[in-house]
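You will see chain A twice below: alongside chain B first, and alongside chain C after that.
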Partner chain A sequence: MPDNGRKADTVTLTIDGREVTVPKGTSLLHAAEGLGVEVPHYCYHPGLSAPAQCRICLVEVEGAPKLQPSCVTMAEDGQVVHTESPSAVRMRKGVLEFYLVNHPLDCPICDMSGECMLQDYVFEEGREKGRSREPKRVFGRDDFGGDVLFYGDRCVMCTRCVRFMDEVARDPRLTVVERGSRAVIDTFFEHGLEGASYAGNIVDICPVGALVSKDFLHKARAWDLDHTESICPGCSQGCNIELHTRDNLVQRLKPRENQEVNGHWMCDYGRANYEWMNHPGRLEEPEVGRGNDRRPADWQEALASLFQRLSDAGGAGVRIVGSPLASNEALAGLAALGGEVGSIEACVFRSPRAPDEDPLPGFPTLVRRRDLAPNVDGAGILGFERVGGDDAAGGLREVAGHDGIILVLGDELRDQSEDFGAAASLFVYLGTADSPAARNADFVLPVTTFAEEEGSFVNVLGRVQRFRQGLQAPGYARPAWLVLGALVGALRGDGTPASAADAFERMAEAHAAFAGLTWEAIGTSGTRLEAAHA
Partner chain B sequence: MAISVKVMRRPEPGRTSYMRATLKGMSLTFKHLVRLKKVTLEYPEDQPDLHPRWRGTHRMEVHADGRPKCVACGLCPTVCPANCIRLVGGEDDQGNRYPIVYEIDEFRCIFCGMCQEVCPVEAIHVGQHFENAEYTRDRFVYDLDRLMEQDHPTTLLWDPSDPRSE
Partner chain C sequence: MAYPYRHEKETRVLSEGFGDPAARTVAGWKKYGGYQGIARALEIGREATIEEVKRSGLRGRGGAGFPTGLKWSFMPKDTRRPHYLLCNADESEPGTFKDREIIRWTPHQLIEGCLVGSYAIGASHCYIYLRGEFFESTRVMARALEEAYEEGLVGKDIMGSGVDIDMTLHVGAGAYICGEETGMMNSLEGRRGEPRIKPPFPAAVGAFGMPTTINNVETLAATPHIARHGGEWYRQWGTDKSPGTKLFCVSGHVNKPGNYEFPLGFPLMELIEDVCGGMRDGNAPKAVIPGGSSVPIMSADDCRDCTLCYEGVEAAGSMLGCASVIVMDETADIVKQVRRMAYFYSHESCGQCTPCREGTTWATRILRRIEDGRGTEDDLDTLIEISEQMTGTTICVLSDSLAMPIISSIEKFRDDYLALIRRGERVGAA
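This part shows the complex of A and B:
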């Protein structure tokens, strides 16, 4: 029975001499992609409808009277498709020549240069020289509002941006005005895209340099950027992103496809929220001693004397402040350290919360969540409790005056006074930046941000997702999972975790929610925690 | 071992005379003394003729209004095998892309001329220039103003008398 069902649901066809079986309703373009054959396309985007108007994905289908647009022609049983037949190649060459009639060919000053589909296709199969002798029409550039700048001359009229605003953002602010060679994308009103919270995506989906980001304008060349798979730290949605870095600085964030979380998209809030990763003024070396006795130390000395203090603590009450910006591994290490040295009396974190959510109507899974930190849910699973207000302030009165052990990770304690932890028998502050409230800390240990370490977050949908290291840490800053893991390992006598994967495994042993998961199984697109237990 | 004496015979007087070799050597010396062809170039009074493709320190071409021709496309730092070009692009008040920072470390440069070859707007050139002495090392990092001030002739990408390098 399942066999019959499967047979009815799939079709087998031949593309470029190779047979492929695909589900019914697959476009020829997709079927070819599965074979590793890239059919050029502009107007087609997997996240949008396909109007078949760019005319560059035409392929030859045996038996059809004309070339067929592969983005809307569905695969059928027994079809024989040629993407590289002389007629298809000649047609593409002709279409590309038409695209270049009015294209300014200003690649040297175009921000898209290096990742431009027009550049790629013309380089691959375009004519060496255009035959058009007419002057090119000139539109100049237009500020669309928000972060988007429009260079009308470069546009190939694929209308992906119009369709995105229409179908996905459901906020139709763009349209095509005029016809023929005078056709151009425009906004309806003066305010343009101002205030549209997902408009940054049209820059990503623009196949050419017509829509560019103002923030990224002239900042770096596409080929200079290193891409690192990461997770957006902007909110608890945990959009899959890539960090684009150059000169050890994050230059921009781009969404990475994950249909379970963010599709092809990400919000403008998350996209703009990267400057802090490049922020100077970081803690760069461990320091020991309270107040005026504070002095720099090396890791060996700092950890050895901290280990001594922890061993002598003798079951004192431990109050812990974590951070929803810290990875699961770091938070688990923090909780494990607290449990190892004494009895945990409080285990809290503070997180900023937006007044409302901001959904993407055309892709309901993607919502800019209220919690504006990536690992709120991971912290919850690991036993941390949310305190304080929506501005991530307050709620630490019980910790501030505690006379036992205080462990702080990642929370900069901006709202706390200099008396914070004055009464504590031992106060350890692990952070990225120094804070006036860390004045009474016996140990100030520099740790890395998520961009400088490997680790995992749990998003609001209960997905555990990994991020990779995109930047080199400043000075002697080390990942928190390593620092805490070394201390816990020394106290337990089972050694330091060798890698983030090792730290994750240790966490999975201690916390049932992660049991059975491995670093490899999470992979690049994450796994649902419930699914792992089903 | 018994000691014995080996008797060496002196060669004939005609074969030991140094006169013949001396006269031969001196004749060569005097020949050069009176020869008129000069090999030494009396630099700096006389300047050498540089080949049209001779590659020396850089020069940035400028527009008539004094702006650099460079559009900060980033191809020269990309192609540079010695990694000696530092470029930060930006936008001027007329909306033109231009180099905010353009520096060439002439000490790192290997004068391959690939920056000139790759430049889409014929802005950066290597030049026919070799008199680069400075008092400090840091003066060898040429910034944009310095590159624009240079007025020596630029290198040709091919020899006009032999355009196909035959």
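This part shows the complex of A and C:
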């Protein structure tokens, strides 16, 4: 201990022969992680308390009489730690064999297979052949309610799920019943996890296939899934997620760690809100012409013709309807186009709102927000004004009967009549699906969903966050930033944005809130828009 | 009512009142010198009381043998936060029945011990965690505590000293693991009886998150005597490393099983052959478990020169534990005994730690198979390896407690195992 009046806030220790300096209060497990040394663990999870009960993270600390649990043993100055010493390896082998005494080894039909921590560790360090010849105890399957199914035989009793419900959801609905090898996770009451709005997270944190999602059950093998970094479109919280896709379909959503937004978690509402990304009935090619004159066209023709109409518009009044599901780049492109062709008389969007919020008490930053769309705040920053009710209907009277230019992006106008835009001199509809209210559109242009493009959203905390493309767009659908960017570029004579990054940079030049930011700087975990929320 | 067996060689300090129903009342207990220990402690003060206990060399009677005075001195001096004394009366080690006798015959001896302990560590509240199956003891203890409150011996301003010490009798639900000190604290708080990881140690963060000391019944019962007569007085008995007297619970194949009190260092064979009246039917002894089921089994050879003190039993290859001597004669089936113990530990494992949860059950299943004549010699190697994997790898020592009898029985009574394995092989071949 240095005693020069200055409080030492780091400690230096040796792990597997390599020196490492970490902040005081860092566990050996974390310190090793910093060196790229993974100490196997089950009960430890960075978002939960550490009971040190799985006993597989034990490491040798020189001078200690026994192996020490690395998840709760704090790093100290001068410590010499061995994670690969014969005693530590022998102990891990032993613990892994213990786990398999009662484990059914039903990997071929287990959803967790391929991403299972038991499978991984046994493959790495386990015995080639188990020695247990005894019959295994059988718990069978239990419906925990909600989306969660429990396979007791696969459980390794790490109690992560119990601790999540106790500590993070603060809704203690799970417990360990019985003792010894008869111990099993169970719910207290008949309704189990039914109605618990964050229970899906226990499926994510289960290190094995004991807790599985009913929705995902037997849908895909883990190794067939592509993982794409994305943002949950369920509400304005903007939880960082991954799209797990196979065969160009989203199979499930998983949270992606971001301590500034959602920690390790996401809500069940957001998790379940993905089917629409796989929805058929999409607009797949551009169409031109009003009403009965509507006919398919290729992009070349449609854009050339639209460019002509826009060039001739000559300062007409422009009324714009955007969408909080559209990316910043698309919305900025829409506003730019409006400004380029005439004077913007209205620039609005509509968004559904839930009656209340649903916070996660143990991680209060994470709240399922009232705004059930990902880019409400981005739309606001880019000059769009919210209209209509909490059901995302109404508020478009001024637009519907407008006799100038109407630009609609991403709003399907479900509540509007077929007369919408009948008086407009030019009505352009960009959307993912056709709409009866788009009957009078002169141009119907198919655009992609957020899952099929790159882009960014601004969440309720004022963070701009990027998402990547996880799906191939159907037919000739194109990202809205590209379509709008091409038109604006043509009108201005400065070319088409080459990428979403390019579109973002053009937006950052035009909107002070994004000034100085670059696509790279936002990275995959986002960054706060200080100016916008100062 | 005469206490079942007495022997003239006994030195009765703790067991003096055993068998005398009058000793269950305050008045009766005072005839045995009761409540003079706490009176003296209050007179000499906290620090001096701890010093006396340190000087006596009293070691924890719950099994680990940790010096009591030293344990008390770990408690923080600052008593602004509440301190607790937790009396471990969850006696459930197989073969042990000494605490029960102290409680059912001399409940005031324990109450006084709890007062001395509470006073010494600055606790204003003492919890007595009593084993759930002890129905009679619970009744006796509850009545004694009520009387002690009425007499002003417990509660506010005890014996007019200005010191407040409250006492709560908490009855467990009958789980062996709640006898482990941190498991007991969890149970007391209303949680699952699962041992806690240390550090933090109970003296820093104990019951209800406050500094806590946990002492065994017999340990606490000895402290009033030490407070009253002084530490040096207590040292007149026992050995240098194991001072004082101790209750020995003798069970098994002896003619006169029971509780006997002797100075530590008493010869094991003399206890069996003289005090307990020798082996049943004149049989030869085969094995002795000297400290409750959690310690290594001793063969008859190991017992020959063994003296019953912490260092003496250790020298003979086992541990004194809580001095619960289980004696088995030549007719005993060691494999069956070990299998029964394994079943006990697998049943009582709390299930937190993997090596214990899975290991105790696996070992039980293997032992049962061997007992049924379906074992192999490889099973013995597996058993030893499982036991080694269960030693020192868990939060508490429950699985270590099973590992010891398994390893020692295979080492010392391998022929018993082999006979069952070979008999099974013959049956299989026929």
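Everything that follows uses one rule, which is that the second predicted complex is superposed on the first by the 523 of 534 C-alpha atoms of A that agree within 3 Å, B and C clash if a C-alpha of one lies under 4 Å from a C-alpha of the other, contacts with A are read in each partner's own complex, and residues count from 1 in each chain.
Just so it is clear, a residue touches a chain if its C-beta (ideal position, glycine included) is under 8 Å from a C-beta of that chain, and two chains touch if they have at least 3 such contacts.
Keep in mind that this is a model prediction, so the values were computed, not measured.
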When the two structures are laid over each other on chain A, do chain B and chain C clash or fit?
fit
Under the stated touch criterion, which partner chain does A:K214 make contact with: chain B (first), chain C (second), both, or neither?
neither
After lining up the shared chain so the two structures overlap, which partner does A:V156 touch, if you call chain B first and chain C second: first, second, both or neither?
second
Return first, second, both or neither, reflecting whether A:R414 touches chain B, chain C, both chains, or no partner chain.
neither
Please state, to the nearest 10 degrees, the angle that the Cα centres of chain B and chain C subtend at the Cα centre of chain A after superposition.
90
Does chain C touch more residues of chain A than chain B does, or is it the other way round?
C
Which partner chains sit in contact with A:R18 here, chain B, chain C, both or neither? Use first/second/both/neither.
neither
Quick one: classify A:G94 as touching chain B (first), chain C (second), both or neither.
second
Quick one: is A:H279 in contact with chain B, with chain C, with both, or with neither? Answer first, second, both or neither.
neither
Examine A:E178 and indicate which partner it touches, taking first as chain B and second as chain C; both and neither are also allowed.
second
Gap in Å between nearest CA atoms once chain C and chain B share a frame through chain A:
26
Touching chain B in the complex, chain A uses residues 107-109, 113, 141, 217-219, 221, 223-224
Could you list, by residue number, the parts of chain B that touch chain A in their complex?
71-75, 78, 89-91, 95, 97, 120-121
Complex contacts: residues of chain C adjacent to chain A:
175, 177, 192, 197, 346-362, 365-366, 369, 378, 382, 385-386, 388-389, 392-395
Quick one: which bits of chain A touch chain C in the complex? Just the residue numbers, please.
51-56, 58, 65-67, 69, 72, 91, 94-95, 97-99, 101-102, 131-135, 137, 156-157, 176, 178-183
